[in-house]
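A, B, C, D and E label the chains in the order they appear, each numbered from 1.
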C-alpha cells in the first residue's frame, strides 16, 4: 500500500541544519491503522508532512522514498502530486480552527475537493455528495451546515468537517496528525470512534499520529514509536503494550500514571531531558537517558534495526540490549 | 484549612452600540469546597468549565463576584491589599506554561528571590541568594542556574523554577493550575514526583487542576469534577473511579483513553 | 545587556541594509550636529602674527584683530584673500569644508561677469556693425545675430543674480537659493533642527505615552474609558487645522511660534499614538502569566508595573522610534512648507520646498531638498524596518 | 463616533471664536484700511467719532449689526447649537469670503474629490494587490528586492514633496504636463474627447502624488499579509486536498489577505476624498482640502466648520464603508 | 479572488463613469451674465425735493478744459484684454461686509466722480460735472452736472443720484459703520437745485475742497426708494444723526441725554463712568437685506466698462459700453479702447507668469526684481520680438514702507539704541542683493507727493562705525559668544522684527545677516497677515516692518500723533508721543493754504528724522511690465500717475490685426525684427 523507505527530513534553521526525521522506514498495510507515537520534537508530524510533501518551504527538505503503488511521491512532478493529494492520500490536522479556511463556507471547502478530483462533476452533484459526506461524519442538519463558516462550528464539528473533506474522495490512505489533541476527552472519544467506523466502511489505511499512548491503544493496529527523529520500535499494538522491548518504550509506558497503580506512589521516570534536535549525535540517542553507561562508540555509531518477530522491529544499540537482558526489566 | 463557600465568579459580556452589559458568563457558579492541610484536591473538567477561574478566584487574582474564601481562618475576600499580601505567603500557585509565567527579562535567581524580597524574608541580598540556591537544589537544578535566564532551560526545568518560586515562602497550599499538562510524558512524571516529594516533606496541600484524569487520579486524595462552572461531584479518588454517581462524571470516565489495548478492544467488541 | 536584547541586536546587525542605513544615518547626523565645523562662514583656524585663533568656537572676533579696518566681525573669506595676497607675512587661515553658514548670504562678485558681458557685447556688436556697413547684408542675419547675442548675454547676466546653479568652483555644491544662501549648508542645519525636533518630540511623547498608557492599561476601568474617549477625540481632530488655529491664537497673545512652542503643540496633539501603543502593550503584558505569578507572589501594583511590565513594554517602544522620528520630520516639514512652522530665519526643509516650487527656473533647489528628504526618510525607515524585524523575527515559510 | 463628532466640532468652534481675525475683527481692520484709502484724501477729520472709527472701535450697535450678519452672538454655546441645528438640517451656512452657501461650495468641490478618490482607489487596489501577491510569491528573489527598494523609496517621499519635484521637472522644465489646476480654463470649449484628454493630462501629476504613499504602503501590506497567510494551516489543508499551489494562493490566501485591505478601504477613500491640501496647494487644485485650508487662512469660519463637519461625516461614512467591505470579505464579522 | 475582482471591477467602472460624467458636462463653469433691462421698464422712484436755497450768481466757475489731452488719437477700438486676479472677489458690492477686495478697484475705476484729476498736471478736469465753483467760505461746492451723463442702462445721471449716494451711505442697511460715519461727518448735505445742479456742503472749510466734495453718484433708479426704519444708536451718535438729517431731537431723548450727562458729571473719580445709553431713532434705510441681495448684482455705472458676465471663482469679464456718454469728451476721447477686459483667477503668480509666456495673458507685472532679473531676464518671446519689456518711472505718491520701533518697549525707548539699529541696518545692501539693486531707498516717510515731499532730507545710511558707537553709548559694549552684543545687565542686543508678507523674509534675512556682523540680532517674526496686523495694532511688536498705502497728500496724524500713542488698535505703531510733532500735525490738518501745509510737512519730516521712531526703507517709483507686442500704447507711453500700462486711465489699445499676425508667426517661430525688446523710460525719474 504505502511504503516509506529511509525517509529523512532536514530543516534549515537560522544558523544550522537539523535532521528532524532520520531514515525512517515503515510499511502501511491496507485497511490497517498505524499509530506513530512520540514526544514533542520526535519527528512524528514532520514525517507525516514529508509523506505528502507539505513541509514548509524553503526550510524543509526530504530525501528517501515514499512509495505509493510503487511510485515515489518525492520524485513526482507537481501535476502528479495533485492527483495523489486528496485523492489517494488525505490528511487531517491537529487544530481544526486554523486548518479550515476561515473565509470560505463549509460547503465551498467541501465541494472544492470534488471539483478538483472530478472535473466533470456538476455543481448540484458536488453539493449532494458534500451533503452526503457531512451526513456520513455524523453532522446533524448538514444542509444548514453547508452554508456555515468554520467559526460558527464547535471544535468537534470542525474536526468532523475536516474528516469529511479528507474522506470525500475516498482516499486509500488517511494521515491524521494529532486529530484529537485539541479536543476534550469526550469529543475525542467520538472522533476516534468515527474514524474507526469510516475506516471499516472504506477499507482505508490510516496513519494516526499522536503523543497520547492511551489514544494509540484505543485506535491503532500497529504502533511505531519515535524518539529524536528515529523509529525506536514498531510492533502490533497489543504486543507493544504488553511486551515493550526498547528501553525508551518501556520507560515511557512506566512513567505514565496507571489506573492500576497505587496512588501517590513514586512514578517511574526517565532521567534527563528530551534531546534538542540541534545536539543530536548519530549513535544511540536514548543512551544518555537510559540509565546504562554508554561508551563512545555506541553514541556515535548508528544502531541497527532488528526484527524481533515478524511484525516487531526495534532499533537498539548493543549496550541497551545487553543491559536490558541483564537487568531483565521486562 | 481552606474553606470555599458558594464562590461565584461572573464575567460581564459587553455588546451593542453603547457597550452595555448584555449578559453574564457564569465562569464559577456557586462552588463550595474544602482542603485540609497536606491533602491534594484534584479538580477536573473539560476546557472552559471554569476550573482555572476557580483557582484564580481562590487566589484572589480575580475578585470573586460572591461567596467566601476562608483560608487559615481568614476571610480572603475581605482582606485589604496589604493584608492580602501577607496571606499570599501561605498560598501559592504554579501555572501551566512555565515559559510564560517566568519573566523572561529576569534571571532565575531574581525570579526566585522576588517573593522573598516582597515579603522581607532574608535580611541581606546574600541571605536571599543562599536561600535561592538552596531552593534550586531542592527542585533538582544546578547551582549555576542562578545567573541564567529562563529561556536557556527546557520546559521541565522551567517548571522546576516555577516550583522553586512557589515553595520559596514555604506556603501551606499550592494551586497547581495545569502544572504538568504542557510537558512531555517523560518529563511529566519527573515533575509529578517532585511535587509529591515536596508535599511529603513540607506537608503541603495542593489543589491540582488538570484535564488529564489519570494524572489527577494519581496525585489526588479527593477529586472535584467541574462542569459548566459548577462542581457536579466531589468525592475521594477511589470512589470516583470505581463508582461515579453523576452522569457527567460517568461519561468523562468512560471517555478516558486507556493505555491498555486489550481492555479497550474487548470493550468495543462487546 | 539582557540576552533578549542581545539576540535582537545580533539579528539587527545581521540585516545588511538596516546596518548600512544606520551607519549612514548616524554619519549624516554627526555631520549635521557638527554643522558649524563643516558649514560655516567663520574660519576654523586663523594664524595671525604668531597667534592662533579659532573663530568658529570663539566669541566674535572684531576684524581689527586681523588688521582689517572694520570694527565688526571679520569676513573670513575676505581675510583669506588678503592673507593670500601677502604670503610673505606668514598669516594663514583655514576655512571649513564649505565656507558658508546657512544664513550667510553670498555676495556675487559681478566685476568679472560685467567684464565678460562687455566682451560678449563688443564681440557681437562688432560683427553686427560690420554687417550693417554692408548694404546688401541680410537683415535677417543681423537680427539672428542680435538674438544670439541676447541669449548669450542673458545667460551671462543670470550669473549675476541668485539663485545660482550648483558649482564646484564657487563651493556651492548644491547651488544657492534666491536669497543667496548655500543650499547644502541649509540642508545640513535644517536637518539638525528637524532631527532635534523629532527626537525631543519622541522623548516627550514617550514619557507621556508611558505614563498615561501604562496607567490606562494597568488601571483600566473608568480611567481607561475616559482616556480612550479623550484619545479618540484628539486623534480625530484635523491636526494641521488645529495647529494653525492654535498658532494664530498664540500669536495674538504675543507668543511667537518658536521651536519650543511648536514642540508643545505637537506634543499636545501627538501624544496619543504612543499612549495607545503603550496601553495595548500594557494590557497584553498585564494579562500574561508572569504578571499573574508575580501578583500571586504578593507583588504590589507599583512593583508589577515598574519591575515587570515596564521593562518588557518599553523595549517594544524602540520599534516605533524610527517611524515616529520620520513622522515628526515630515510633520515639521509640511508645516514649514505651509508657512506655519518655525520662525522664518531658521534653516528649514519645508521652506526650501516652498522655495523650490516658487523657483521653477532653478530646479536644483527642489531637487536637492527632495533628494535629501527621501534619503533621510529612507534611511530612517530602513533602520526602523530592521529593528522591527529584529524584534519580531518572522521566518517566512510557505508550502509547495 | 457621534460624541467624537460633537466634541471635535465644539472644540474647533470655540477655538475658531477665540482666534483673532474673525469677521468682526476683519471688519475693523477693513475700516482702518478704508480710513487710509478714503481718509487719505482728507487732510484730517473733524469729528471724534470718526477718529474712533479710524482706530477700529465699534459701538455695540455696530457690532451687533455685524454679528447678526455673520450669525454670531455673545453666547457661544447658543451659537454652537444653532450651528449644529442648521448643520443637521443640511444648511451649512454662508461663506463670508465667497458669499455663497457653504453646501454649494462643497458640492462644487465634490466632483474633483470624487474624481481623484475613485481613480486612485482603482489604481491602488487594481495594482497594489497583484503586485503585492507577486512579491509575496517571489519573496526574496532579485525582482522582489529591487521592487521593495523602490517601494521603500516611494514610502519615504511625502506626497507633496514628490508633487513639487514633479511640477518643477515635468511641468516647469520639460513642459510635458500642465502646471497644475484641475482642468484648463478653456475646458468648456473642448469636445468630449478633448475634455477627457484635458482632464487626464491635468490629473497625471497630482494623481501620482496621491498614489505614491498609499501605493507603497498597500503593496507592502498585501505582501506581508500574503506571506503570513501563505504559511497558515488552511493553505496546507488546501494543498492536502489537492489544490494546485497557484490556486491555493489566489483562492485561499488572497481571500484572507483582503481583510486588512478592506479595513483600509473606507479610510483611504475618506482621506482621498477629504483631499490633501498639501498636494492641492502644490498643484493649485481647488479641491475640498484646499477649500478648508484657504478658508482657515481667511478665517471664514462657516466654511471651516462646514468642511470639518463634512470631513467628520466622510470619516464616518468611510468607517461604515470599511465595515461593509470587511463584512463582505470576512464572514466572521457580522454587520449589524 | 472573486470578491477582489468584483471590487476592482466596480472601482474601474466607477472611474470610467466619473471621467465620462466630468467630460459630458455641458457647462463645467457656470457662467452668469448681466441682465439687460430696457429703459422703458425702469421704474422711476420719487424724486428728492428741491432745496429752498437760491442758486448763487456770484460764483467763479471752473471747467478745467484748459489742460492738455493725454490720450493718443491713433488708438483703435477692439480686442480683448486678458489679465489675472489672485483671488475671486467675495462679492460685487462696493460697500458693506467683505467688499474691500482687490477687485473693488476695477469697479471703482468705472464709477466716475464729479471731477477728476489730470494725471500729468494734477489739476482738476471735468467728469460728471461740467463746471464747478466754490463758495467764498470754502464750505460749499457747486456743481453743474453734465446733461450728457448717463448710466450704462441709458438713464441720465441726475442730482438725485448724488443725494441717494449720500443717504445710502448713511443708512444702516449697508452694514458699513465706517461709511455711515464718514458720510455723516465729512459731508453735511447735498442740495438739489434742479436735475443737473447740486451743491455739496462740507462741515467746515478744508484744503482740497473740490476733491472732498466730488462724490460719485449711486443709481437711484436702480436701488429704488429709501424706507424709514427705527434703529438704536448710542446717545451721542443718535443726536448727531438727528441733526444731520435736520430733524428735531425728541424730548424723551433730550431727557435721557440730560440724565446721562448729569450722571457723568456726578460720577466720582475712580468710579467707572456710566455706559452711554442707546436710544432708538428713525433713520432712512436702503431696502431690507440689501447686503445679501446685492452680493452678485451688477449695478449700472457711469464709466466706460461694466461687468458683462462672470464665472464664480474663475473669471469676470468687463465689456466696453459702446454708447458711453463720455466717449467723445475732450479728456475721454481715445481712451478705454479694448472691447473686453477679462479677469481670470490665477492664484499662483508662477502659474500666471507661465500663462503670460504662452500668450494667454496680455501682460505681466514684472515689478518684483526676481521676475525682472531672473525669471524674465531671458525670455524667448522677447528675443523673438513677440514681447516687450517695459520699465516706466512714474511720479505718484509712494506708499511708505518703513521699519517702526515700538517706543513703549523699555529698551527701544533709548534713542541711542534706535540710532544704533538704524545705522546697523544695511538697507542699501538689501536693495542691491535681494532686490537686484532696482528698488530705491526712501529718504522720508512721504515720497512722491510733489512739493509736499521733503526735497533734501536724506535717511540715515548703513554705517558700521556709527552703529557701534551708538550701541556702545546705549550700553551694549560687550560681545557675547555668538557674536551678539550684550549690556551690563546681561540683556542681549536682539529684537524681534514682525512682518506679514512672506516675500519679505528674504529681504529681512539680508538685513539680519549684515546686522549680525555688528552684534545686532534680528529675530524674524512672521505669521499670516491677519494675525500680524492684529499684533501690530495691539502694539505687541518690538520692531515692525510694514507699509502704508499712499493718499493724495501726506498723512501724519494716524501714524505719529500723540493721541494715538500707548493705545491699542491704531496706526501709531511706534507709539510716538512727542508734543512738537503732534502740535505740527494738528496745524497741518487745519491749514488751508498749500504753502503753509508744505512747510509744515517738511518740518514734521525733519522732526521725525531727528526722533527716529521709524526708518523709511525703500520705494518703487516705477512700474515694470512684460507686454505682448499687440498691446499698443501712446508714444509718451504713460502718464506719471499710471500704475501700469493698463489702469484707470485706459490709454492703451490692442492691435487686433497685429495680434493675429503675431500668433501666426509664433506657431512658425518666425522672428520679428524691428522691435526694441526693452524700453526703459526715465522721463519722470527723480524729483519733478
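One rule holds in what follows: a contact is a pair of C-beta atoms (placed from the backbone, for glycine too) under 8 Å apart; a residue touches a chain by one contact, two chains touch by 3 or more.
Here the structure is a predicted model, which means the values were calculated and not measured.
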Overlap of the subunit B and subunit E neighbour lists contains C
Going from subunit A to subunit C via touching chains takes a minimum number of steps equal to 1
Of all chains, the one whose CA centroid lies most distant from that of subunit E is A
Per-chain C-alpha mean nearest global C-alpha mean belongs to chain D
Per contact tally, chains sharing the most pairs are D-E
Separation of the C-alpha centres, subunit A versus subunit D, in whole Å, is 57
Here the gap between subunit C and subunit E, centre to centre from mean Cα coordinates and rounded to Å, is 41
Rounded to the nearest Å, the gap separating the Cα centres of subunit A and subunit E is 93
Per the C-alpha centroid definition, the whole-Å distance linking subunit A and subunit B comes out as 32
Among all residues of subunit C, those touching at least two other chains are 248, 251-252, 357, 360-361, 397-400
By the touch definition above, subunit A meets two or more other chains at residues 54, 56, 78
So subunit B residues touching two or more other chains come to none
Checked against the stated definition, the touching pairs are A-B, A-C, A-D, B-C, C-D, C-E, D-E
Listed in rising order, subunit A residues that touch subunit B in their complex are 39-40, 184-186, 188-189, 192, 211-218, 220, 237-238, 241-242, 251-253, 255-259, 261, 263-264, 266-271, 273-274, 276, 289
Note: in the complex, subunit C contacts subunit D through residues 229, 232-233, 236-238, 240-242, 244-246, 248-249, 251-252, 326, 330, 333-334, 337-338, 353, 356-357, 360-361, 363, 366-367, 369-370, 373-374, 377-378, 381-382, 385, 394, 396-400
Subunit D residues touching subunit A in their complex are 231-234, 236-245, 252, 255-256, 259, 329-332
Note: in the complex, subunit E contacts subunit D through residues 1, 3-4, 7-8, 11-12, 14-15, 18-24, 26-29, 88, 90-91, 97-98, 100, 172, 175, 177-179, 181-182, 185-186, 203-204, 206-208, 211-212, 231-234, 236-237, 240, 278, 291, 295-296, 312-315, 344, 347-348, 350-351, 354, 360, 528, 530-531, 533-534, 537, 548-553, 555, 557-558, 563-564, 567, 569-571, 588-591, 597
The answer for subunit C against subunit E in the complex is residues 59-60, 62, 70-73, 75, 103-105, 107, 139-140, 142-144, 147, 150-151, 154-155, 157-158, 160-163, 178-181, 247-248, 251-252, 254, 256-257, 339-340, 343-345, 357-358, 360-361
